[in-house]
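Mind having a look at this structure? Questions to follow.
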Amino acid sequence: MKPKYLPLTATIVIFVLSYALCAAQYPNILSTRVIGNLLTDNAFLGIAAVGMTFVILSGGIDLSIGSVIAFTGVFLAVVLDNTAIHPLAAFALVLLITTLFGAVMGAIIHYLEMPAFIVTLAGMFLARGMAFVLSIDSIAIKHPFYGTMKALYYKLPGGGRITLIGGLMLLVFAIGILIAHRTRFGTDVYALGGGTATAKLMGVPVGRTTILIYALSGLLAGLSGIVFSLYTSAGYSLAAVGVELDAITAVVIGGTLLTGGSGFVAGTFIGILIQGLIQTYITFDGSLSSWWTKILIGLLLFVFILMQKGIVYVSRREQRHA
Amino acid sequence: MTAILKSYALRLLPQIIALAAILLMVSFVFPGFFRLEIQNGRLYGSLIDILNRGAPVVLLAIGMTVVIATKGIDLSVGAVMAICGAVAASSITSGHSLAMTLVITLGTGILCGLWNGVLVAILDIQPIIATLVLMVAGRGIAQLVTEGAILTFNDPGLIFLGSGSFAWLPLPVIIWLVFGILVALIVRKTALGMLIEAIGINRQASTLSGVLTPVLLIAAYMLSGLCAAIAGIIAAADIKGADANNAGLWLELDAILAVVIGGTSLLGGRFSIAASVLGAIIIQSINTGILLSGFPPEFNLIIKAAIIVFILVLQSPPVRNAFTFVALLRASRKPTERQAR
Amino acid sequence: MQTIGDSLLSATRIDKVFPGAKALDKVDFHLRRGEVHALLGENGAGKSTLVKCLTGAYRRDGGTILLEGVEVDPRDTFNAQKLGIGTVYQEVNLLPNLTVAENLFLGRQPRRLGLVDVGAMNRQARALLENYELDLDVTRALDSYSVAIQQVVAIARAVDLSGKVLILDEPTASLDAHEVEMLFRIIRRLKARGLGIVFITHFLEQVYEISDRITVLRNGQLVGTRDTATLERRDLISMMIGRELAAEIRAAREEPDVTGPVRYRFKDYGRKGHISPFDLDVKAGEVVGIAGLLGSGRTETAEILFGAHRADSGTAEVDGKPVQLSSPRRAIAHRFGFCPEDRKTAGIVGDLSVRENIVLALQARRGWTRPISRTEQNRLADHYIRALDIRTADREKPIRLLSGGNQQKAILARWLATEPEFLILDEPTRGIDVGAHAEIVRLIEGLREKGMSLLVISSEIEELVAYSTRIVVLRDRQHVAALEGNRITADQIIEAIASANERGAA
Amino acid sequence: TFGSASAADLVVGFSQIGSESGWRAAETTLTKQQAQERGIDLKFADAQQKQENQIKALRSFIAQGVNAILLAPVVATGWDEVLQEAKDAEIPVILLDRTVDASDDLYMTAVTSDLVHEGNVAGKWLADTVAGKPCNIVELQGTTGSSPAIDRKKGFEQALSGHDNLKIVRSQTGDFTRTKGKEVMESFLKAEDGGKNICALYAHNDDMAVGAIQAIKEAGLKPGTDILVVSIDAVPDIFQAMAAGEANATVELTPNMAGPAFDALAAFQKDGTKPPKWIQTESKLYTQADDPTKIYEAKKGLGY
């Protein structure tokens, strides 16, 4: 096997093993209901994490996505509450706004040579601040169209459902994989992660690519915000706090290097599933206090990273001796 | 000597200008801003509040600067603050002496740093992820100690650390001043600073040159843990109780921001403790300024974001280069003018 | 063949100013169709800077560029590529994390239905590399291949991109004789097709072998352009350094006698998967030269001797006492020093100043609690800047802003400052100009005469012959032969490298 | 008989918001205690302040097939879908502590206090206490956007309307924490002439009040006399302050919401009695006259 597939394989192996372990203890975890829930409940996180994967592959980071999700939700709620605009038009409008927002951050990062961490941190403050200014109340979205969309799902045998948003996440992952591995833009993203200076000398349009990457992340954060608003039928300025950290964790568990240049969009999908599995397991167990929940999540994160390191290390060594 | 001082002043100039501009701005929206008086044997006024309230972020920023200089980052400092506050409170309420409590608490902070350092330097885990583990689990550990409640205490010695005063200054200010100067001296008067910068810029080359990279890396995280411990003690002492849920919440972001405003690159390398301290004070000035201004709280984040973006844009390489270029032009023009005469 | 004389690329009065250095001062450069034009000059003369100004990697501060008589202004390297200018830059080569095929076709991948056709790309990549006698798995990441292979891939990419002009900035630095030969064949073919080729190197033999004309830069200024055929070697050197070079590398070797005791003894020393166990003794006042083909395990040998990689078999002794060389630090404590081959990733600490880079190893050995005073640092830095003729505006300049060759000299200074007793040099003269080259060879001899032990790796066999008291030959990660005394000749070495069955001589 | 037997193997899922405050910890403790007393198997899930985690937890509970669900919702909106799923699975849901913006046939009952009412009680007390004298009030709000912050502000302002002598001069968020309460109060004091302009402090929770009291003391004023202090929650520490004369009044928000919830559930299990849609807990006002020391001792052990 090629060394570059090692982290991804390690992640998949770990996921399958832990799923089997969980299922041995709570057979219900194998039900289609839980599997359907895993997709639906993590849809917004998964979509945002696809954007985050591109950002991290290019060697950057985007801390603004949680706030952008909240902003999108509040914006939709306010617009649908106060105007007669059709939700689809509102979706288009908000996606335009968040894409532009991402593009502007990308432009600042490139042209002003500022670190992504800081630019997107300011973006995080700004987007949440905008959400507050729009409304501090949580606003329910009662538009009938939302009901229609929520009624769209594919029923699995056993009571589970693949919902519209769950399906949307799968689609976004599929497109993400295609963009990463089958377009020139995708290769350019990896190229930036390999070294901006070298990429520039090799003729990669660094500025354009950087702007596009953050615009894509903004677009997907906006899409994730739409999904979140469908998921909760509401807009709330305090929603999705810390989602960026969850997304980063999913990306890293999925085998992508935070330093950029190496990793897979598909890995992020497994990362999302692993995180969802941890949460499901903790709820099924139901005996942990608040603090033990946090400690356990931290520990599991640590164990996953360690196992991944271990598997990669061992197979590297075997490869050398082979 | 004067040349070194001059270059030092030049390094801090952007931060000093930004701070001055913000203070001036605040004094427009709140005229009594610069007033200082002596009350209860200590200085009293908004400026002192800034120095006092800024203490936790200043302390975190000191440790964070060194960690960032090694090309790392420490996301766990907020959680470590909570752990250490909880440990201090539970130690003092369970009857340990103040000295013992301090030893235990600082030890806890250093231990947390050791954990982070080992993950980064020995297990070679990326710093963001390595410290994310403790960031997530740490608050749980702190709550484990306090069982989710605010653990209050009445020990006058410990409380003095948070709200006492000495030489007209609140004790937290004295603590960060002394600690900051100490760290800066240790780092700059020994070769530590240069070695840390070398690691941050090129770890492989440093190791090949015989620099003890793992030890120095671990030490950097331990220093950060120690800083978080001191900050945690101050935060707990300030409210006479350990609030495991909220102590240090999101302060890691403020600390990182302070370091960046101080002009240290997140990519590691060249660092300045004094500049980071100034960065932290700038952030606190913004916070205090917002509180004094009387705007509705919905606007807090937007105002903060706007000011920070502005400062950072001024500091960004292209803008700075443009300024230096103008300055250079002027400088180069002067001698020729003189020659012409 | 086309008529020489057509002006293809002509740059006039190019200016480039860096803070603290005027890198180019009204330089003219004219490239004709169908010629190989060597661009020469000392380290820091401005060769790389000129190339980067031509390809838009740097914004030039003044001057005009004409391509086929039309004024062009490449804004970035992508733009230059589209104009038909392909370039191999010094140092910065390709992206290590991308596959070989992706590196070759970055920005111009074959597409089908808007998507990259990976199969076609890999096929084309394999076909492209066949010209270079390379049979690689093009779907592997580039960094799984050696520096030399990466260099060939970089050349292949540039050649493929160059519709009109090919620029090669020290492409041969890490290539062996065979690969250089292959490169020259390709250059001749391109030349016949009417391309203009700019060739930068410090190997004068190569200049005379391949180039038609020579342009020399000195201190950012144009010294002149001559036809290679009519330019005497001596004159060329004095054009480059602005004076007569006293003596080039000695052609004939004197016989140094090494009678000192064995100071360093390695027995069965090796590391699985890296280098087979070998025995090596080094005496005081001895220069052990290491010869071998690319990837033969020379660098690996140096690295385990220095503790950069831990040996997993064998023992090491210093002055008869067993020692553990498990880390560079341990080795340095025994007064070892090591100039690595890859100066960019393993040598320079880019953002630190020249001064700090020079004192780094010494400071690390003394420990952080005993800082070297600023006066002492300045003294050391100034001393070595002068002694090794490091071209820098001042000692506080960040080292990454120095030209490639000058960085190399600063790393050498770092180790000399520690006053080592056993100095390991991996390709110390790579990318160093003639003048400095001779200096370094003299320096090695001087150190040996003072009683230092040295182990020097070099791809230049003449150079090894000149200063080595003994030569160890490597093949396939094994020490296969040792040559001493009058057996040290270029022919003998080449024969030892080439013969497949001479074993057990070491 | 049937009732006690079914209680023994009753599995109830409890989705708690998190552990962001002492009050919340006490609610968790009391819920677990109450479940234990009744022999209920309680599945506890901490959502760490995130609605999405609560929805996930609810779905997991449904997938596990629990007998009933307790939900302390982090926000009022966005529950329709998952509550519908619970209803489809015939699992009764009882809301604790806050209600939701959903049709009331989606849940069995809500055991909550009235947040607006709490603010109102506090405001009334203040209006009665100052009795017509002019009074400048500073307000420490809860976390911007959280429903207690919005409703407690609303209720307080309602109580104030019609009293022209009462004026809120400054209002900032203290994030429900002591540290921020103290910091914000410090700035209020500076901004209002060293506190001479301030006659009363209204804090959306006791923790912020405790922090603010320290700030007032450090500014050389006497909390409780120079500046009246009224807040909400009735956590133990505020009773200590009241005993010391440093706080004046607090409105109780009882952490025992689970008791009434379990009672309603038991009745429903026994003979299908439907409880009322809203079981309101008492918002009791405590002042210095209520023997704060004794209440402090009583509340201390409850896990606040």
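First chain written, first letter: the chains are A, B, C and D, and each begins at residue 1.
One rule holds in what follows: a residue touches a chain if its C-beta (ideal position, glycine included) is under 8 Å from a C-beta of that chain, and two chains touch if they have at least 3 such contacts.
Nothing here was measured: the structure is a model prediction, and the numbers come from that model.
Visitor: Just the number, please: Cα centre separation of subunit B and subunit D in whole Å.
Guide: Taking the mean C-alpha position of each chain, the two centres sit 35 Å apart.
Visitor: Find the geometric centre of each of subunit B and subunit C from their Cα atoms only, then give the gap between the two centres in Å, rounded to an integer.
Guide: About 43 Å, centre to centre.
Visitor: Could you put a whole-Å number on the gap between the CA centroids of subunit A and subunit D?
Guide: 34
Visitor: With chain centres taken as the means of their Cα atoms, state the distance from subunit C to subunit D in Å.
Guide: For subunit C versus subunit D, the centre distance works out to 71 Å.
Visitor: Going by the touch rule set out above, which residues of subunit C reach two or more other chains?
Guide: Residue numbers touching two or more other chains: none in subunit C.
Visitor: Check each residue of subunit D and list the ones that touch at least two other chains.
Guide: Those would be 19, 25, 28, 144.
Visitor: What are the residue numbers in subunit A that touch two or more other chains?
Guide: 132, 136, 289-291, 293-294
Visitor: Determine the shape of the graph in which chains are vertices and touching pairs are edges (line, ring, star, complete, other).
Guide: Per interface graph, the chains form some other shape.
Visitor: If two chains touch, include that pair; go through all of them.
Guide: Touch list across chains, by label: A-B, A-C, A-D, B-C, B-D.
Visitor: Enumerate the contact residues on subunit C facing subunit B in the complex.
Guide: Residue list for subunit C touching subunit B: 19, 306, 308, 327-329, 332, 338, 340, 345-352, 356, 360-361, 363-372, 414.
Visitor: Which of the residues in subunit A come into contact with subunit B in the complex?
Guide: Interface residues on the subunit A side: 108, 111-115, 117-119, 121-123, 125-126, 128-130, 132-133, 136, 245, 248-249, 252, 257-259, 289-299, 301-302, 305-306, 309.
Visitor: Once bound in the complex, which stretches of subunit A touch subunit D?
Guide: Spelled out, the residues of subunit A in touch with subunit D are 26, 28, 31, 33-34, 37, 40-41, 44-45, 132, 136-140, 150, 228, 231-242, 276, 279-280, 282-291, 293-294.
Visitor: Could you list, by residue number, the parts of subunit D that touch subunit B in their complex?
Guide: 19-22, 24-26, 28, 141, 144, 170-173, 175-179, 182-184, 186-188, 190-191, 207, 210-211, 214, 218-220, 237, 303-304
Visitor: In the complex formed with subunit D, which residues of subunit B make contact?
Guide: 30, 32, 39-40, 44-46, 49, 53, 143, 147-150, 152, 163, 235, 238-241, 243, 245-247, 249, 288, 291-292, 294, 296-298, 300
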